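One structure, pasted below without further comment.
Chains: A, B, C and D, in written order; residue numbering restarts at 1 for each.
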Amino acid sequence: MDEFDIDDIADPELEEPVLVEGLPGVGHVGKLAAEHLLEELDSELVRRVYSTHFPPQVSVEDGRTQLACAEFHAVTPEDGRDMLVLTGDHQAQDNEGHYGLTSTFLDIGEAFGVEEVYALGGVPTGELIEEYDVLGATTTDDFGDRLEDAGVEFREDEPAGGIVGVSGLLLGLSDRRDLPAACLMGETSGYLVDPKSAQAVLEILQEVVGFEVPFDPLEERADEMEEVVRKIQQMEEQNAPSPADEDLRYIG
Amino acid sequence: MDEFDIDDIADPELEEPVLVEGLPGVGHVGKLAAEHLLEELDSELVRRVYSTHFPPQVSVEDGRTQLACAEFHAVTPEDGRDMLVLTGDHQAQDNEGHYGLTSTFLDIGEAFGVEEVYALGGVPTGELIEEYDVLGATTTDDFGDRLEDAGVEFREDEPAGGIVGVSGLLLGLSDRRDLPAACLMGETSGYLVDPKSAQAVLEILQEVVGFEVPFDPLEERADEMEEVVRKIQQMEEQNAPSPADEDLRYIG
Amino acid sequence: MDEFDIDDIADPELEEPVLVEGLPGVGHVGKLAAEHLLEELDSELVRRVYSTHFPPQVSVEDGRTQLACAEFHAVTPEDGRDMLVLTGDHQAQDNEGHYGLTSTFLDIGEAFGVEEVYALGGVPTGELIEEYDVLGATTTDDFGDRLEDAGVEFREDEPAGGIVGVSGLLLGLSDRRDLPAACLMGETSGYLVDPKSAQAVLEILQEVVGFEVPFDPLEERADEMEEVVRKIQQMEEQNAPSPADEDLRYIG
Amino acid sequence: MDEFDIDDIADPELEEPVLVEGLPGVGHVGKLAAEHLLEELDSELVRRVYSTHFPPQVSVEDGRTQLACAEFHAVTPEDGRDMLVLTGDHQAQDNEGHYGLTSTFLDIGEAFGVEEVYALGGVPTGELIEEYDVLGATTTDDFGDRLEDAGVEFREDEPAGGIVGVSGLLLGLSDRRDLPAACLMGETSGYLVDPKSAQAVLEILQEVVGFEVPFDPLEERADEMEEVVRKIQQMEEQNAPSPADEDLRYIG
């Protein structure tokens, strides 16, 4: 196997597509958002990317295995621009892998004619969120202005530690290719899987890219999470031990 | 030395062989099972694989040294298909090594005409086992059906974390070569070397591949292990300190 | 992206330039000193160096992103020799990166005709400093003598652990190219960002390279740091909790 | 710089030389023994080996720096065979470095016509040693017999964990080149620098290779170490705190 190995599964024509990335990260915000697009809109698997920088691992579902990979789906909503959506269960396990995978992702994007890149993610605040702001960072002033008009917040020194992993590199490496890129970061406590933060990010993306998705499934999931939070708070009030991580992850 | 370096030791003709892997892992189930095949059936060392991704280490036996390696034996039972059995004391020490070594293993298997791959291992349950079930995962539905007929259990979301290391990659990378592969995972507590779990896995393999081995040595070893467990339980009841890890490993 | 990737931004002619390195390290002494040169003297960004051995990260300032990199500025003071000043926010994340980046830095330096290398840094003493000595290490006796005349201290077995990271390798790899190199290490407690130690290092560099900078901004920053130290001492006397690291860093 | 970079410093003709390795390890036994040879016998520096797998570090002595490296000296005693002695302050920092460096070391040895390899080291027993046995491991039975005649101990399952690092690989990789190799491991507590163990190893090497060295300096150092041990024991009897590691290292 090569260091970065691409399976070509389909080659639909896309019109002025944008690349939308939602890999695992804080509060699973990006991943939830990207997967929501795949579930609610017309989508077709077009590429799988394998890499020796992913964990040496297969996932198992109903007894069938799937080698660790990242997937690209072509998403073609009725309104708005086409999207190439990047999802998966893994980030690279080392620096060289991060750089090499992100380059590979951008190569694939450019092969499909991608003209803009959106990295979706969460930014941890350390406290439960009342109003879900979406923080932004971009490679160009133009792109920043357009996002600001759509309601994205830009703050002087945030996020303080910069942006790490694939999301950060998508911006850094796009910039070196003169491909405009933005990161949309939903505020999230950082403690729980956060469907509300994912919805806030998608609402921005909807406006900027111009499609429409129903949010019912995300809202249901958000209700479930709130139920979990309520139970934890009750337990803490009663000094009872909190439910195992296992449970949270399941409901999450 | 090359990154992956193969010593050709013998080149017997094998008939429709299957590849059987038993490297170190949970409960040493795969390793015990594979070594049991080598001890009880006609076998011949055919390949040694060295790698800069193995630990920088020689083992010493009676004052003679052997560089860290993996070994392939040709096993030709009277009944059933020929087998190419992969054993050793080490797994790769990094991701690239895992991917590269597993590719090398499959190259060797394909050079011998291997038509199916069986990765043997254990799956930890966290509690002492009464009835030794064998859990399965495969790359194809066909293979899965055949194993299910032989008594292998397939469960919706198990193993939850997928399969990692060489066993996982043997399935993942075989799949990319269109080579049918399965993982047979004996349930085991995860705390002790487990010859009974190894026997359960071998009983399935026997039926599917079609050979026969005596199980007396594994049973004797299982009796020894049970004796160890009994002693530990007695000691715990008496609040005495448990025997040192050293002892367990020796008897194990 | 290549393992080491250089952006050519400007190519001014420099006269007999010296290379001055100030990357992050103990007390941020080298970084403070190098950045002070850029702020107080005429300087021009000439090269950016990207690497897959840097963290996979962008920094964000006012919503715009910058991929992790090291920067070279040409500094041309009115008096004294020209300087090529190397700064940045990161060191390499692994051994190969350290060696490869330092080689790349020296390649750039030699392309600009650099004739001498100065690595700036701090050496931790573990206690608050009264008088700020500057410790030295060089690749040649000649260079050592010149620095000793300028007031640099050379001690038999210091620094005991040698010099690690880019500063150490700049000397080790310059030596292999027959390029004279020195490390100037300002004594510092090791607990706080230390502008006074940076000033002590710059005073030596001023004398050896022959330029002049005002020190007011460093002195102001030093006063701020002393204010911080005073507050911490007061708090400790009152058994109050010390201010969060966050605050220190901000003021630092 | 290349991954493995060799400086040719001198090229004396050696007669049927043996390679003797003494890099840092348990009780510094190998390093003490090899350095003792360099101090007491005629020796000439012939090669320096640099590597990106060594730490990114220079050592500093009297203000002059030396990049991390391993060194080969030609040692030509009046009696006995010539020796090529390998010393240094570092082992490789990763697996690939261990394999690559050891291959480089053997390439250099073979270029000088080396016919046998001796890796010197210590084997920790966990208790203070009364009689300093030397444990052996070899790549061939012949070599083993010769060492056994010279008083080396060969034990069924020792060392239990095999031999790791350069010493282990020197045997493993020599074996693959059909170059006879042995490891001489002096028993040592594992807690202190152990000149007596180094002497025990050298006494064997003396007999097998056929040279003679005075042991006075090692004996003096051993006396110093015994004095240290005595003081520690006294302190422990008086319940006083033991001296800092620093002191031990200095006297060691």
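Criterion: contacts are C-beta pairs under 8 Å (C-beta built on N, C-alpha and C of every residue); 3 or more make two chains touch, one makes a residue touch a chain.
Nothing here was measured: the structure is a model prediction, and the numbers come from that model.
Participant: At the chain C/chain D interface, shared numbers over all numbers used: above half (same) or below half (different)?
Facilitator: The interface of chain C with chain D is built from mostly unshared positions.
Participant: Rounded to the nearest 5 degrees, how far is chain B rotated relative to chain D when their C-alpha atoms are superposed?
Facilitator: 90
Participant: Whole-Å distance, chain A centre to chain C centre, using C-alpha means?
Facilitator: Roughly 38 Å separates the two chain centres.
Participant: Between chain B and chain C, what's the gap in Å when you average each chain's C-alpha atoms?
Facilitator: 54
Participant: Give me the residue numbers in chain C that touch at least two other chains, ranges are fine.
Facilitator: In chain C, nothing touches at least two other chains.
Participant: Chain pairs that touch, all of them, please.
Facilitator: According to the stated criterion, the contacting chain pairs are A-B, A-C, B-D, C-D.
Participant: Across the complex, what residues on chain C touch chain D?
Facilitator: 92, 95-96, 98-100, 102-103, 136-141, 144, 154-159, 162-166, 168-169, 171-173, 175-176, 183
Participant: Which positions of chain C touch chain A when the two form their complex?
Facilitator: 1, 3, 50, 52-68, 93-94, 97
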